[in-house]
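Next come the structures, one after another.
Okay, so chain A shows up in both of these, paired with chain B first and chain C after.
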Partner chain A sequence: MMISDIKSRPIYRDLAPEPTASGHLLVVEGETLTPALLAAFASAFGPVAPRLHIWLVGGPQDVGAHPGRLWRLGSLADVEDSLSCASRGFGIGDRLYVSGTEPFLWRVAEAAGHVGFASGQIQLHHAGSLRRRVWCTHCHSITDDVTTHIADCAGCGRHLLVRDHFSRRLGAFMGVMVDAEAPGQVPAREEVFA
Partner chain B sequence: MIGDTLLLRVDAATAIAPTLRHLRLVAADGGKLPPASAGAHVQLSLKAAARTHRNAYSLVSRPGARDAYEIIVRRVEASRGGSAFIHEQLAVGDTVEAAWPGNLFPPVRTARHQLMVAGGIGITPFLSYLAEFGLSGASHALHVCCRPDEREVFAPWLPEGANVDFHWDADGHRLDIPALLAAQQAGTHLYVCGPAAMNDAVIAAARDAGWPDSHVHCEHFGTALSGGEAFRAFLARSGIEVSVGEDESLLEAIERAGVAAPCLCRGGACGVCATPLLEGDAEHRDHFLSPTERESGRLIMPCVSRARSGRLVLDL
Partner chain C sequence: MTLAFKPDETFRGDYTYRNSDAAILRFPFPFPEDRYMYSVNIEPHTRSGPTDVFRRPFDVDEHYIAECRDKAITLERDPSRCQALPHMMLAQWDTLELLMESLAADYPAHFALIKEGDDFGSRWTWINRPLGIEQSFIFGNPDTLPCEPFEYITRQAQGDFAICDQRDNNLFMDAGMVTSQADWSLAFDVGMSFMEWHGPVPLAHQAGVFERALKFLLMLRLGQPMRRLNWTMTINPRLDTSPESYPEWGPDRASLTPDNIGRKLHLRVELQTLWRLPRSNAILFPIRCYLASLDELARVPKWGARLHRVLSTLPPELVDYKGLTRFLPTALDWLAAHDDGRELPIGIEPGIATLTPR
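Now for the complex of A and B:
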């Protein structure tokens, strides 16, 4: 489900810190942090550890050994607040790395964009569930935590086929009415984004 | 060619410094000129005795102005003839052909802060930037590295409240480029225009400080680009062989032979003149082709690039 013929489908890679950057901020969605992932971060970020801050959002209480300085945040809203409060502190030479589910990645990326981060300063790494945020092309509502290929729109109740077309601005996939041609004929839902 | 030709008349010419001449150019027919945006240039066809020089100059007139184009031209010691012609021969009342203005160096208007670094006459594109930022209220800073006696020369073009610092080669007055670039907030765009060595130094310092390439912009100028050893070039489609002299560019030799080659900036920046190279070893001097394209040896930009040795065969 991470590979698609649709060009707008984002491609995520392993995080690769850029050694010339002045500051490094790693924002991690706690529920997706596994021991293996933490070990991968420790290895990748080791060389820049003195200039690394990690914001851990929710998740495990006992993290164990980690590179850099660790800060705990309660929720995504805290990340958004902290980014906007700290905007004077971010330089053009800094880099932001985000790891987590797609809805998490793109909400952090959007908040970072608001404080001046360029896309070239941000790296996104997918971890955890494939659940999607879906944007209804009919009523423009957002439906969160979608794990099936057909979902009910939280706004208008239409049965939406979840497509791979992705909007970076909305951080959401396109949902179009699945039974527009033949009302009531809705295929069986499959759990494909678990 | 992109755009039509304009016929301009020299309305005023002023020596604003020993080596700087300011020209005010109006439409020869008395009409309005096409508007140009901040960072734009105009390419003049200067008909000197030996040959026609086509040189691009940044417009220092207010962006959008339609009554006149203003340029400031430095008399270059090793001039190939363009700047010497403007300084010594062009007189008020003369007409000059020009291409429509183009812009290869526009400011990024979504920037949170505009940081400009100029070397000498490289200040000219930033004079139009300042006029725009004065109106838009964009956060900005211009650092000019120049001779101390030229600090006052550009004062008439600096809007009130413009944030400009001058630097020159003396203790306490030099620009500390790494320190300047290390202290910039996220969302800043950097623009540099000056001699090649200074451009290269600023771009390298930005890389070292972790700037993303998307936020670093450069306009090259200079005269050391086009001369070199004489060589020959064969234009395969036209069936013409041209000899390229030491003090002219391949593009100029092609034009002299009467072959219309596409071109715009004539400084190796815009890519319009990129021409398929069928045979020969090119010495690439442009800022446009990627390292991969250079290595492939299949493209050349005749406005600045030459033959490393022997003869070139172009698909032209």
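Now for the complex of A and C:
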């Protein structure tokens, strides 16, 4: 089975704040935040800084200069809770920006969808590792932090070829048993999503 | 019309599925020309067509009872094959109404629908004689059926069904009953947009095929259904070639030999139809699967020769995508003996009225 030029794979871009939006929320996966990325955020979000909140999830203790108001959250679960509990709620004039690894982006996007953000209100920016969340097409388990093109399923143990077919709802790539047609013939693993 | 069902045939284990002569002659053979052509090939789903399978909105054939049983086995093993997102309830009732009315109108010897009114709240009684079902329920009230309306009616129909919600100038696959699919996963794809669920298909994206198809489908009109054929090849007459069960059927691809390929290799044709639904404005997308072995197809001389020619011209990307790589050379060798090189008429009809006895 080939890994092809599959079109369900999202394309990520640099974050571009919409100047006319009423509120801006930037959710950042802390471990992916480099000084260069912070500088890029400071430049891009400078014009909207008075209406910007940053939720920093884990990561460095000392962030240094940054635009807007910074809030620290411990984990992705806290982001999900905070989105659903945000006391004033979010409206159609608000914009959400998310920066981090692919599994992080889509878990935040899904939680935002539950509290009423439309897809046009959300921008996603990939930062950090290319490691993948993989969904086993045979047992439907999720295997996290996959960096090789073949991975062992955390659920059923089968050797899965990691395809490029991507589900936004699951935030995961499809994994398909690599040796189903010729049991035992498993190609050597290559580190491709470092 | 009264059908002679073959209730005991199987699509797994001992694979006793076979086509009668009449079933072979009505097969929706998908290749009108000698060369393989990649196209959307969509046309109105009218009550006419080159073989009998095209002539009713929802075709029922001799395999009906056995196929419904195979579907029940698959659902028992993997309930995720039937899913409907919460906002799809109106489309579920639309689907139930369309199927019950069509089946009752086209096959009165086998199905009947008695309605005390057309609107939600009316009492309806559904009779399915082949499966021995008689069910009274209140149209619009899911609590009066043994399961949700979409699952209820599609358990009693051959083939797969997807329902696409239409919003934001796009289609989203927000419900499905998928037990006889050519290697795609409803559990993975449910909720996806049109471009996303077609993501893995090679070549057509570059050709702009999906943009045009989507634009066309968004304008699909009530009462004017459309249809197209799609195809692949399957080893053994197996309906459940899902990715979920790939570890079970994958090894079959390495099992073909020159001696068994005529019996084991099947052309798998999907008659796909597209229906605008009246209340929900969703699109119902039935995918009806027909299987015929090379042995069966070659009994129609035109089809044996044409299949040889079409498979010889298949682009390598499609050979890979359809999973034919391991056995295509063996299949071409087998088919070459059925191709004498003579000119074949354009069109998919068999060109003969009876088959020569074997």
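Just so it is clear, the second predicted complex is superposed on the first by the 188 of 194 C-alpha atoms of A that agree within 3 Å, B and C clash if a C-alpha of one lies under 4 Å from a C-alpha of the other, contacts with A are read in each partner's own complex, and residues count from 1 in each chain.
Quick note on the criterion: contacts are C-beta pairs under 8 Å (C-beta built on N, C-alpha and C of every residue); 3 or more make two chains touch, one makes a residue touch a chain.
Because the structure is predicted, anything quoted here is derived from the model rather than measured.
Enquirer: Should the pairing of chain B and chain C on chain A count as a clash or a fit in the superposition?
Expert: Once both complexes are aligned on chain A, chain B and chain C fit side by side.
Enquirer: Of chain B and chain C, which one contacts the greater number of residues in chain A?
Expert: Partner touching more chain A residues in the overlay: C.
Enquirer: With the two structures laid over each other on chain A, which partner does A:R9 touch: chain B (first), chain C (second), both, or neither?
Expert: Second partner only, chain C.
Enquirer: In the overlay, answer first, second, both or neither for which of chain B and chain C A:V115 touches.
Expert: A:V115 sits against chain B, while chain C stays out of touch.
Enquirer: Return first, second, both or neither, reflecting whether A:R168 touches chain B, chain C, both chains, or no partner chain.
Expert: second
Enquirer: Using only C-alpha centres after the superposition, what angle do chain B and chain C make about chain A, to the nearest 10 degrees?
Expert: 60
Enquirer: Would you sort A:I92 into first (chain B), second (chain C), both or neither based on which partner it touches?
Expert: Only chain B is touched by A:I92; chain C is not.
Enquirer: Of the two partner chains, chain B (first) and chain C (second), which one does A:E181 touch, if any: first, second, both, or neither?
Expert: A:E181 contacts chain C only, not chain B.
Enquirer: For A:Q123, select first, second, both or neither according to whether it touches chain B, chain C, the two together, or no partner.
Expert: A:Q123 sits against neither chain B nor chain C.
Enquirer: For A:E18 in the superposed arrangement: first (chain B), second (chain C), both or neither?
Expert: It touches chain B, and chain C stays clear.
Enquirer: Rounded to a whole Å, what is the shortest Cα gap between chain B and chain C in the overlaid structures?
Expert: Superposition on chain A places chain B and chain C at a least C-alpha distance of 6 Å.
Enquirer: Which residues would you name on chain A as touching chain B in one complex and chain C in the other?
Expert: Correct list for chain A: 119.
Enquirer: Quick one: which bits of chain A touch chain B in the complex? Just the residue numbers, please.
Expert: That would be residues 18, 20-22, 87-88, 90-95, 115-121 of chain A.
Enquirer: Can you list the chain A residues touching chain C in their complex?
Expert: Listed in rising order, the residues of chain A that touch chain C are 1-2, 4-9, 119, 135, 137-138, 140, 158, 163-170, 174, 176-177, 180-183.
Enquirer: Which positions of chain B touch chain A when the two form their complex?
Expert: On the chain B side, the touching residues are 112, 181-188, 190, 207-215.
Enquirer: Under the touch definition given earlier, write down the residues of chain C that touch chain A in their complex.
Expert: Chain C reaches chain A through residues 80, 168, 185, 187-192, 195-200, 202, 205, 243-247, 250-251, 253-254, 317, 320-321, 323, 326.
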